[in-house]
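My questions all concern the structure below.
Every chain is named by a letter (A, B, C, D and E) in the order it is written, and numbering of its residues begins at 1.
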């Protein structure tokens, strides 16, 4: 019995799960505190969870460059994970900042909201740092389950319920495929540890054309492609984003998507590097489909929230281009792009949060007429975020796209790059249209001058700084991204 | 002698049936059950494999799949209840406010 | 002998699965599902995984199905009319048949070639399945286990947050 | 020695600027403005005289004065440089001389016009441009003048810009000139490029071109000699400037401008620029018989064609205008048959008598205008049918006008006689001449005599047809107007004496042909080099001379018969040949033809390009693509049914397809 | 001072922008004044360049600044690599010179959101200057895109009634082209890296120009560049954004657009497309020259039939820039320097024309020719200035237009494009037709429209705006050497290099052919 404990303990390496550990602790602590506080008080939750994030961030930063492994290869807190952790932290932080007043406005000042976000972040971290299929799978589930809840958080609003339920059903459905894939891979290689799988596949060339391997590969990918909303597994995205609380939509588009990419990329690199030609070919097609569908449908949207949902599909497509490139710059470009996208998209959503009225039925293009002049700050911020989403220099979006397409070109996928830029040309149209309404149209009804909640403004400002910083001096972050990839 | 493939075949059939159910039934709860069916077929595959490969990992995996199933059941059913409260129905065809 | 038994159980499993997807009333579906679970439990036993079989019965048949039934009753759902299908029977069947085809295909063509572990059936019988699982769980798969706990916590919180009526 | 040449164009420019900038606000006073304008030109006249005399005394006959570098790009080096040689010197005298007279005349004529300052500013600017044209030592500076005079004629024709017709005429003039300039530029490029690339002489300087022209003899382009093509291009330019077929139609319309302008620009100086240019480039032209023949033929045809139209016009200025066109035709005949001297000679004499004629008509119109205005009758002050019998009323005008008519008809010992005769002789006898050209020219001469006297008679003889109310208000113009008339009339009479033909000279005792001698340095070279000369016995020359005199007299006689002896004849004629008359009266419908052919087609083309192509095709495609994407979006979005099971189905199908693709290959 | 002159000049407007942003939005006049002062200061900063004779003597880059801006391991180095030579010199000066005039022209024209307008104008100035001086393709691209945004807003917010369509069209046209160019840029970069150019050089044009890229690649890359620039020029048939943008943009916008933004395209050809891909240039020359000539004639024809003065001027730009392109592709000194000079000329003349249109628009709030007529009577000073500008646009000798067109045509005539030159020369005629026709309809005749009887003649401010332009119209017309002397060395050098490469390429081609020939014989 003792030796069992010893075996158990010698595998334990807390440093390897420190960030997620801290977050979960804060989450649980928060849950406890909530018990003793009257309902409807949330301000403390904001502060505590922010502190939690900051602390985690601190440890992530200090841990940078000192990869930690533990729980015999169930988890690895290497730079790759660290980089993604930073993305998650930013995503969570910005979301939390913009949420508080929003929740009060919409009439759901429920403090469990914040622990759930923290758990989601922790789950994302496990996905990013997991090196065992089980870790990744469970991380994914933690993340998804809390997201199901958050998406359907507004119990009283049928749209929110619908979003939650749709997300849940489809999510569970895709989980089925994911699991089947994992099962097959397990069957083929006899292990659930990514590195072992990779080595085993590489060692036995006969496995590479074993239908089970290939089927496993595809089914496995499906689970992640669903989370990153790649066509044809994207269809939940617009509905869920539209129905879910706006901050949650923002969060989903940044954090969990990045997490899915993190796990997906790690699995592909660790397990299936010997099948690279196959899966790059698959992703080539998916990337093109995703970009085209996302951008084209976005053109026909009039609800800005929904439009941003489609645009996030398109952006997933761009990110996939980075994966197709499958070279150093492509991958680091992908990491960089995820960070950039976190800033610009959450920023855009934050503006929506502040622009919306209760019920958010005014988040349409018409509703935005003359917005830029009535609410100058938000207008300018939105403009910058939109230009960044378009990929115009000097903005994070541009640098990100640049690196990704550069990767594609270096890898020889010229046509992919061309298709990509043509797609962003298409995307110009609908982003520009928002500006057309914001600035070129006269306001339909007069905005009362509401005072902007400080927290949300801070989140916008941070996002702005992030966008501009990554746009004007992308060098340093890109360096980190380069160090982050395997 | 029963080979692992027998079990996997059965599992496969169940998986396909599960999908069919998901695609055809309109009662959210039934759909959820069909999903459970799929998950179980995967479980069967896992255990068959782990037995064949003489390793525990598969079974542990199944263990976690069950946990997940339980968790999802809790949350999913809660979601259905809330939806039911607002729509007086858990017919998935009534989840049609968000579209286009 | 054993093979016949296998086919028998398999048949039952498939049939009850068929009930799940065809029964008009959710309750019947649920019962069909329970039935399938039992069959699977039997398979687990046949696969020298008695503990899993037990858990299967308890967790699935005992917990989840009960929960489901409870909710069904709570919402006292009637039978659903099988007039209209969102996407016609045809498409659905094509899709699922294709899945079936694929699965069969890669099971027939593919080979389970994984690295053989050291936990033979004999060992299972000698040491005991539960202990082996326990050992593995608390040594090798400690972290997933912990995460699972968080998962359950999240589920509970979520369920509470969602199902509560008043703020 | 010759380094102050730039002063000549400088004065008018200065005058123009002063009047233009200060005239309206600060000077205001007409007298001063007029004085500045006239003075400026007169100053440059003095300077030109100085240089003229200096040149006479000088052995070297060609002097350049480089003021500054204009464009220097690689091997293209263009200077602001002036060239004084006999040819330009002569032109200087004509331009400045006639110019200052007309300025003087304008002081009186334009009296009381609003925009008086504007008028003089433009007029000075014109003189400046003309002088640039004349003095330019390279084709580009000449082109500056060339376009400059075009501009000024545009401005001056459009002087009464409130009149629609004036605006149209101005535009027409400028555009037609542009067509010519198009040719000029092409010719220039061709010469520059061939000389440069084939012979390494990158130049557009006249002196150098003349010196190196012989190199071009071998070069071909488009299957023709480079010189031929180039000179044809240049000639196109000339036809534009000098109103030859087919680009002559702007000149009659140009009569919309004030009369002195017509006199200066559209008779004496600008329109002769084409002739001058050919003279400048005589070497190149001499090298290409083809071109020379074309020039001669075009000249001849123009001469007769314009003359026919001149028959039927009633507007005094238009008659003069067509006579100008026809006279220019004579000059081109001269250039065409290689009688460069004669051409320039006729240019000069024509400047005298045609200026005089115009000014005379101007004086008449002026008087008529005042009279009609005074009597509040709004008859057309320029229509000869409202005139008649003005001889008594305005004797000086009558006298000068008559003299000029004699001169233009080529009656012996008037200036016109010598120049025209020389031309006819060359046309007949030159190595480049031909009976055909000669014949046409002779007929044209006859017609000239006829319609000029028709004009004279209708204006000054017969009974007075002016509206009775206005009759008595007509009287002679003031001295500023008559003085130039007298001077010009005098020149028109004696001006020919500097170019007395050899035969005549020998007859009268060895009077040399001063002009020929003077211009020899410019023309002899080419004439010698390419064997251009008129050979024939003195007898023949005398014969021709006599013949031409007879012709002229016949014309006059006919006119006298028709318009003095029995004035009803013309009416009968017109009645008899009404068709013909209408056609001629409407100038052979050339304008209409041009409108139909070019103007409208261009407009149609423009409309097509714009509405047809730009809006429909290009923007059609662009917007079409946009619309296409829009439609695509509108359709694709319907895949997003909002129904969970559709989504699930899509997922499943996607999965199945992907798996199948993977495991089946 | 001198070693950071360019940076100072380029980024000073940004400083100005910040200042403007902190001014109270109501203080309309103050904002305008500040902006004006800023632009004038920029002009003054740039003046030393004009008097620096170093350009006469050497073709190299001067005032260069080099700093590592972004560097990412061994993939990328983007450098802040700027400099100026005879080619960009006058365009830079044109920019700094036009800006104050444009600002001054807004004095009464812009009354809503002055603050925004001025801020954008200053941002735009930075963008334009940056694009002209950047020697690093990446940097260039950034400035190039940076120009897009302010102009988009200028058209969209302060434009006419059809402004939205125009603005979006402008943006999309330009962006589509530039995106393709981006891919090409990346490709060239990787080619250079593979060719062993040390990555520290980043996207330096100078080094890219040293590469010898195989012909078939050059074709594609050049096509991408050329397409992007052709849209900006704009060349037929991708010019249709221009009339809309010009017509809808506010006066200042049109002035900047016509005077400077369009030059980006032509400048792009001279600075990037041609030196980088000489062989492809050789292949494309006839085609592009053809397009240029079509543009000349087509633009003129369409301009002739316009009933909106501003549209007319816009189409005339198409025609004029056709000349520029013809000159550029003549690929000899006359043609190129003619082209460069014509860029300046077009900037000045067309800028002036747009200002003039703006003046009458301010007075009558219409631009339809039909509405006018006989204005000369009412506003003589205006008439004189309008006429001078008209004739400079027609290209009358003695004005700037002539020198440019003459050089271009001579150059084209010397080159292989002779026949094109002949057709292009007809443009000279057409220019006279449409300009004079418009002038006649607007200025001549009787004052038919009672609304025009009371029009005020130009105010002192307006004359002050036009004066500098008029001065340059005559300066360039009479003594262009001031400008030519400084641009020629750089152009000569560029021609030498391009021709050299083309020569080598042709040699190689001939060799191949001979070889194949032999094999065929055997």
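One rule holds in what follows: a contact is a pair of C-beta atoms (placed from the backbone, for glycine too) under 8 Å apart; a residue touches a chain by one contact, two chains touch by 3 or more.
Just so it is clear, the structure is predicted and the values come from calculations on it, not from any experiment.
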{"item": "Innermost chain by mean C-alpha position", "value": "E"}
{"item": "Two chains sharing the most C-beta contacts", "value": "B-C"}
{"item": "Reference chain B; chain at largest CA-centroid distance", "value": "D"}
{"item": "Chain B and chain C: spacing of chain centres that average the CA atoms, whole Å", "value": "7"}
{"item": "CA centroid of chain C to CA centroid of chain E, Å", "value": "71"}
{"item": "Length of the line joining the C-alpha centres of chain B and chain E, rounded to whole Å", "value": "65"}
{"item": "For chain C paired with chain D, centre-to-centre distance based on mean C-alpha positions, whole Å", "value": "104"}
{"item": "Junction residues of chain B - those touching two or more other chains", "value": "4, 8, 15, 18-19, 22-24, 26, 31-32, 49-50, 52-53, 55, 57, 60, 64, 68, 71-72, 75, 78-80, 82, 92-93, 95, 97-99"}
{"item": "Per-residue multi-chain contacts in chain E, two or more chains", "value": "none"}
{"item": "Numbers and ranges of chain D residues touching at least 2 other chains", "value": "637, 640, 642-646, 648-649, 652-653, 655, 659, 663"}
{"item": "Touching chain combinations (by label order)", "value": "A-B, A-C, A-D, A-E, B-C, B-D, C-D, D-E"}
{"item": "Chain A - residues contacting chain B, complex", "value": "133-134, 137-138, 141, 145, 148-149, 152, 155-159, 161-166, 168-169, 172-173, 175-176, 179-180, 182-184, 186-187, 190-192, 238-240, 242-243"}
{"item": "Of chain C, residues touching chain A in the complex", "value": "102, 105-107, 109-117, 135, 138-144, 147-148, 150-151, 153-155, 157-158, 160-162, 164, 167"}
{"item": "Residue numbers on chain A that touch chain D, as the complex places them", "value": "166, 169-170, 173-174, 177, 211, 214-215, 217-219, 221-222, 226, 232-233, 235-236, 238-239, 278, 282, 293, 296-301, 426, 429"}
{"item": "Complex interface listing, chain A residues touching chain C", "value": "4, 7-8, 11-12, 17, 24, 28, 31, 39-40, 70-72, 74-75, 107-110, 112, 115-116, 119, 122-123, 126, 132, 134-135, 138-139, 141-142, 145-146, 148-149, 152-153, 155, 164, 184, 186-191, 200, 204, 206-207, 210-215"}
{"item": "Residue ranges of chain E touching chain A (in the complex, touch as defined)", "value": "69-73, 75-76, 113, 141-142, 145-146, 148-149, 152-153, 156-157, 163-164, 167-168, 171-172, 175-176, 179-180, 182-183, 186-187, 189-190"}
